[in-house]
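Each chain carries a letter (A, B, C and D) given by its place in the written order, and its residues are counted from 1.
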Amino acid sequence: MSPSGPLHPDTPTSPIGTPGKGHHAEQFGSREQQVFARSFGMWVFIASEFLFFGPLLFAYFYLRLHFPEACAAASRHTDFLAGTVNTAVLLTSSLLAALAGHAAEAEGAGARRRAARLLVATAALGLVFLALKGYEYHGEFAEHLFPGAGFRPEGVLDDRLRGGMELFFLLYFLMTGLHALHLSVGIGACLWLAAGLRHPPEGGADPGPDKEAVELAGLYWHFVDVVWVFLYPLLYLVGRAGA
Amino acid sequence: MSPDFHLLPQDAAVSATRLDSLALCLLLATGIVALVLLAMMIGFAIRYRAGSNADRSGARSQGRRLEIAWTVIPLLIFFGLYAWGAVDYIALYRPDPAATPIFVVAKQWMWTAEHRNGRREIGQLHLPLGRPVRMVMTSQDAIHSFFVPAFRIKQDVVPGRYTSIAFTPSRAGEYQLFCAEYCGTDHAVMTGKVVVMPPAEFGRWLAEGPRQPGMAARGFELYRRYGCSGCHDAGSSVHAPSLERLLGRRVHLQDGRELTADEAYLRDSILEPRKDVVAGYAPIMPSFAGQVGEEDLLAIIEYIRETGHDERAERP
Amino acid sequence: MTSAQSDLELLEEDTSAASSYLAEGYSLRSWLFTRDHKRIALLYAVSITLFFALGGVAAALIRLELATPQGDLVTADTYNKLFTAHGVIMVWLFLIPSIPSVLGNFLMPLMIGARDLAFPRLNLASWYLYMAGGALVLWALLAGGVDTGWTFYTPFSTMFSNSHVTLALLGVLVTGFSSILTGLNFIVTVHTMRAPGMGWFRLPLFVWANYATSIILVLATPVLAMTLVLVAVERLFQVGIFDPALGGDPLLFQHLFWFYSHPAVYIMVLPAMGVASEIIPCFARRPVFGYRFMAYAILAIAVIGFLVWGHHMFVSGQSVYAGMVFSLLSFMVAVPSAIKVFNWTATLYKGRITFPAPMLYALGFVGLFTIGGLTGLFLAALALDVHLSDTYFVVAHFHYIMVGGSVMAYLGGIHFWWPKVTGRLYSEAWGRVAALVIFAGFNLTFFPQYLLGYAGMPRRYHSYPEEFQLLHVLSSAGAVLLAVGYLMPLGYLAWSLRYGRRAPPNPWQATGLEWQTASPPPVHNFAQPPVVVRGPYAYTADTP
Amino acid sequence: MERAIRPLILTWLALLVLLALTAGAAWLRLGWINTAIGLAVALVKALLVALVFMRLRRAHGLLRLAALAGVVTLALLFILSGTDYATRTDVPAPFQQPSTVMPRLGEGHGP
């Protein structure tokens, strides 16, 4: 063994920090370490997820630069009311998610139930959002606004304009679709957590979801909310005031 | 096995010679660095091999000054190389205004070229010696790339837009044209022959060719066939602007903008008439997008260019 | 190393190796559901070796075809599919996961004194995603192949290719998720799992390099993923933002693609630099020269590496001014790379140098990386790139970086840590011979390609003008040598698994936490949680 | 309890007010300012959500750095690709889509 190693393996010591109270996975030295690692991991994940929207946003930027009229014309075909209501629904759901995180911080079964209720309400608003979004999609299909062979927006004769509008709707469906996918994951996470909070598993080995898990789900939910906050003006509000 | 292989391809364009000197300088600079590093590595490896008794005292594991030196010095050298490369690069894209345009259309898997007088060729490209030329190129399908090693010239040919590159052939002879951007099955045989000939000979070659109407004459034919003349000719009952001597003129638009009518403007106006409507006219012209092929479009523009000259030699 | 000796050792194994991670279980289940970073690293090692072999077969066929100027061995379409398969497999299924997922996975927790990565289950999930992506790519190949080149340039990939592009895109997409999760895991691990006393400037450079790589993985891969989705959508629905027919821009694809794929080059080469930075000080018995500078250079490469992608597009029809910006930035990224080469060389100064196989690989890496990096300057110089881009010069350049650089370093790392990973010693003589054969074969294969490129030979050509034949034949001959070189380690390393001598915990007298535990390490890496009291590379050349 | 959740409620109210503001402003004819208002309000809303709901205001610097990294990377994409789009003169060429991939959906081999 090398005499010049950087450590004294025999030094009696505790792992990182003192072993904190509470349960933690075996690779961690303490509960605090685990909590921090998980929330940092979630933030890194969010940064990465954010960049999934990068190419779409940049493609949108390209489109606005080259087809300003087509973007405005296409945006006027989106459902302003549904989009605005949906924004409000999502912002409200974010409040509920934040309240759930807050509720979970308190000790006791009552607090757990309260957090579970709030998470279910959050997920319910998410479902409302998806339902409204589905209604919008339905309308857009009916108006032949889905890109592809059947794309025939009413009253558009100019080829270049129609081409630009088709690209706008391509991005519209991709962005909102990707967002809806994220939201669905969020809904699943909220419901799964709520179930775990209400019926914690028996026995001490796995205490079920904890306040940090609620917090992490909330972070993800807020991220999905933030994405929508940007999509809303980009997709629904262009050229509303008329040509 | 390879009788006529040259490590350095022939330099058959003015810019090629400059470029070779840049390459040579870079080779010298990087070669010296590489050799010095190699010599040091081998030298250290021998001198300080485990069995040697070399003096190892006073070794340091960092040296701020040394490190700053080998950060800053390469950086300065790099700036110099960058500037050289950039200056030569810009020259390729800032053509001599007198450069003769030659239109090239690439498609899977062949090159076609059209000279200004309407002479067309496939798989070959004839160029005049010592005269600046500008290749104006577009593709009908995938991206291709116009690559003539002897000219040290390469430019991607992109569908949906024109790209161009300018150079001056400086040595008569025959050179190889390659497609350098992968474009599908027969990418490797999408080659051609570039023939550089003295101007007089080139002129004769241009004139003889298969008898085809000149580009402008063909353009006039198309101008009538597509019905442009029905509205744009003087005496037409439709209120449409005259196109005579349009190229290069300042044009006032409906929305108050003002621009110079260049080739791009003409193309736009044919394909998207509603984009830039001339002041005083109603936007009644239909779009010709999807109806006029790009070679025809070039011909029509050539015709309009010709109307700018006083004599209308080619007009029947 | 007679067979009698090894029999003796095999007898010992049952008793002494009881606590090692290899002895934790022998069932398939104990491997496929493991959460131990060391076992997952081995899962990766086996799978990337298979993909490397597959990509290598494609390369061999390519070189065989190019031995004659006529396209006489395979058809043009088959040739196109071969180089696409070679590119896709080697880039996404071998190079990108190679050092991070195998060596990084195994060593990062050991090097920072942790019991495991921060998210072991996620780590296993990464491997499954990788395998799923690999399976999709294989499916695309078996179903008839893909002929777009690994770059998937539009509009060829969306409108003109009749091959299985969508499947391949999906495979690469799934592999991308694997990369992201691995990167995330490494970042969190380095930030939160370091042993007491393990400050940032006590981290081995291998950890620094993998950390910087992980940042690129996490931030660049999603952009590629979504870009590939856009291509797939455009292909399926014939509507897309890259489609010039609708007013889209094919160059937009190139921007988005290279926004990932240029940093991806640093994903491949940064960990290789990390490996070299471990091996060279160990066998020079000197601390790495300018440790802090080296760490900063790694971060600088990772950051500036994000800013240079436009140098792939100098002749693409991109704006001339954008080209000038990207060219300047590309020259600047060469500076930290140059610093690293200078510092490795300075590390040798006044050392006490020995030359076992890992050192030969590492020195080979430095030399080949230097050539690859210096020729990169030719491609960064705008006017020269006009002549050189899309020729064999580019092919030679990136093979010097990726094969000469990354693969050499990967093999060096495999040899260096082989005793730690397997608990066995490989045959040193064979190791040295293989390193020399690979070095010679590599140069014979790829150096002629620089000359071909400057002479004007375009890349991705199935047949070519006769005057290029001599150099192509040299290159193909080199490829044979290279193939032999790659097969040799497969043989003697496998042999050592059964017959190799038992490795002591620290056969190289190396510093670094991973050498302070048993070989192979116990399940939780350290019998006692380590405490770090000094920086890395505490080598001294004064005493033999 | 009430005191602790008050900022959350206030933020939510602010978000709804901002939503009304941006939705209303879109109907005024302001040209490019419409887009600017839309994006500015979105930015404010995103910051509110990030700082209050996501607790970034009191979070460890590392978490803030992670959040920032994503934004900065996206900005790099926009800025550097933007140098191309801002200075490129595209001369459009007519281009008829010569679709060789048949049929429109699926991977079948062409004719």
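By our rule, a residue touches a chain if its C-beta (ideal position, glycine included) is under 8 Å from a C-beta of that chain, and two chains touch if they have at least 3 such contacts.
It should be emphasised that the depicted structure is a prediction, and the values quoted were computed from it without experimental measurement.
The largest tally of C-beta contacts between two chains is found for B-C.
Between chain A and chain C the centroid-to-centroid distance comes to 33 Å (mean Cα coordinates, whole Å). As a whole-number value, the distance joining the C-alpha centres of chain B and chain D reads 37 Å.
If you average the Cα atoms of chain A and of chain D, the two centres end up 14 Å apart. Counting partner chains per residue, chain A shows two or more touched chains at residues 36, 40, 44, 47-48, 50-51, 54, 58, 62, 148-149, 160.
Counting partner chains per residue, chain C shows two or more touched chains at residues 159-161, 191, 219-220, 223, 237-238, 244-245, 249, 251, 255-256, 317, 320. Along chain B, residues 141, 159-161, 271, 289-290 each make contact with two or more other chains. Viewed as a contact network, the protein chains are fully connected, with every chain touching every other.
Interface of chain A with chain C (complex): residues 1-2, 4-16, 25-29, 33, 36-37, 40-41, 44-45, 47-56, 58-59, 62-63, 66-67, 147-149, 151, 160, 163-164, 166-167, 170-171, 174, 178.
By the touch criterion stated above, chain B contacts chain D in their complex at residues 138, 140-141, 159-162, 263-264, 267-268, 271, 289-290, 292-294, 297. Looking at the complex, you find that chain B touches chain A at residues 271-272, 274-275, 287, 289-290. On the side of chain A, the complex with chain D involves touching residues 36, 39-40, 43-44, 46-48, 50-51, 54, 57-58, 61-62, 64-65, 80, 84, 87-88, 91-92, 94-95, 97-99, 102, 148-149, 218-219, 222-223, 225-226, 229-230, 232-234, 236-242. Chain D meets chain C in the complex at residues 62, 69-70, 73, 76-77, 80-81, 83-90, 95-101, 104-107, 109-110.
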